[in-house]
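Two complexes are shown next, each including chain A; its partner changes from chain B in the first to chain C in the second.
And now, the complex of A and B:
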């Protein structure tokens, strides 16, 4: 069967990015605030996902990382390592550089034949009394 | 903002001139009043002079309702869902987990089942030496080998971690084989 290559992401995503307003408060090492701070936070989140393959956290922040993680995987599966644009993108988004070989040698062969998304985002149970924040669990498929 | 400053300046000037006139009348050498009472003590500058801060805080009314709230709006605020009844409505999305039987909310993961999974993954990840796990990720697929497993499943092209315990019943060895469908 012929493979149809899509450029779109394969899971539900929002039309607009979320402003992560509390990013600077989260760590004492201090991310920058604003759009640049948001991307700094998401970069670290994505590398953490690729390293641990399962991440717990706030559902909304994980939803943001999911988009970027899936995009990087999709581009690296489609183009491979010898493509300039993917190289730049991967170099920027993966902060800890020992995961780049892991990406191309472990994750790409694992996800090559997938028609569906490569990650799954669950919601963790609500702890009484609850509040506006819900916790989520982001996982790469096939991580056993 | 400029108008406010001008306003205060004008007020200050007026007040100053009035004070000057009165004090000149009272304390002039030509006109002497006979009175037994002591001359008026100079009041503190705070009471005489109007600062911008005083005007802004006391004299100008900022947030003020523009019109009377109708009965409908009052009732919706007090008697309806928002800020009152969100916690008072019953939860109808509680179901028993099919695996363990504990209660869980539909749309979420069962907490009891996930606790087991979380503890097991912590153990598994702690078996990997810290330097490799945090700083030097292996470039092969990681395989966790339990005591019960077939020794033939151990393959050379994988990074094998020996778990020195029996395989938990919920973590079946059949999961390791690739399925035939699109969700493999």
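And now, the complex of A and C:
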């Protein structure tokens, strides 16, 4: 995976990752804690985004998934599924395998000519009585 | 003017804005960006003429050939101006000294000026274990066994005391750092000082030496079983069961799939292309200067 050469991201991203402490869960095998739990959560949320094309949630968690979704789209447009490293990456990050054909047949032709970012992140209004977190909405561009 | 100001003060007018026609303090000024936009726009009658040159596209092998020109990936440690000045210095050094490409695993011979050595120079032959740093601070370590004692020397690539850099054998290994040679059999890190150079045809791919070494008994220099090394085997013989379990616990197999982490710790393609094209342009310029230079007349 270190052999990948990335292009520049088109959206503003944080220079440090978020730890996503709220993600910790009790599983039959044990606790899902730390970087492993974080990556597991992000895998699920990225597949969820590719399936639904529009996801609601807390703003900072969506911002964290956004970078991963952008990079996956960027690499799959650049190299295609036949590329060895990209295939390994896509197979790991997309948990439900029925979405992989959707990625390469629907999303890649849609975003081929884009010069901007492929996703968009909004902040949602505060609905009383809301929680302390800022809520947001993440969507793929060009959805209906 | 002073009369006018005195008159204003004397008058009981509080609201000066209606007289001066100025609502805010800086409302009569413009932002720099809007001015620049106006200068270059096609609508302005006095348009600024800017000459645009096509960018120099660096050859594809430049990224492997000159990895030390790429800056530090850590955003906090970067400074664009010092990077540019350093690149200038490095090219100036490269115009005098021939620095060929080499990788960890290839065998080098380096001559350094030394005022206390006979002949005032010192030549050392060894295998390159690691390459560290970037810019003017790039360094590499050579390892050899001399009189049954392991010797390692860390050279700085742009040190002015270096007289000559020879690549005796251009090669790669399975790993990028070969520190484990310290704990292997010393015969794998002994090299003859009078070794003859193996010629590498230009343009050919760099051969990978897929030798797998057997590690020696403990104590070790580092915890080799935690590092996912490909060029070492026989680690399990020296481990207790507790250590094997700990190694499984502390392993991070998901780390290589963390693409945002690799993105943050690397320099993306647009940036590296921009830097290397600049290097390529300077190289072409230096070549032209060399061709046009007339030899000095000596009487």
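By definition in this document, the second predicted complex is superposed on the first by the 126 of 144 C-alpha atoms of A that agree within 3 Å, B and C clash if a C-alpha of one lies under 4 Å from a C-alpha of the other, contacts with A are read in each partner's own complex, and residues count from 1 in each chain.
The rule we apply is simple: a contact is a pair of C-beta atoms (placed from the backbone, for glycine too) under 8 Å apart; a residue touches a chain by one contact, two chains touch by 3 or more.
Quick caveat, the model's predicted, so the values are computed rather than measured.
Contacts of A:93 after superposition: chain C is touched, whereas chain B is not reached. In the superposition on chain A, contact is made by A:39 with chain C only, not with chain B.
Shared-chain residue A:9: touches chain C; no touch with chain B. Judged by the touch definition given at the top, the superposed model places A:17 against chain C, while chain B stays out of reach. In the superposed model, A:85 lies in contact with neither chain B nor chain C.
In the superposition on chain A, A:68 contacts chain C only, with no contact to chain B. Contacts from chain C toward chain A in the complex involve residues 75, 252, 254-264, 266, 268-271. Contacts from chain B toward chain A in the complex involve residues 87, 104-105, 107-111, 114, 121, 125, 133-141, 144, 171, 175-176, 182-184. Interface residues of chain A, counted against chain B in their complex, comprise 51-52, 54, 96, 98-99, 101-102, 105-106, 110, 113-116, 122-126, 129, 137, 141-142, 144. The residues of chain A lying in touch with chain C in their complex are 1-2, 4-9, 13, 15-17, 35-36, 39, 67-68, 71-72, 89, 92-93.
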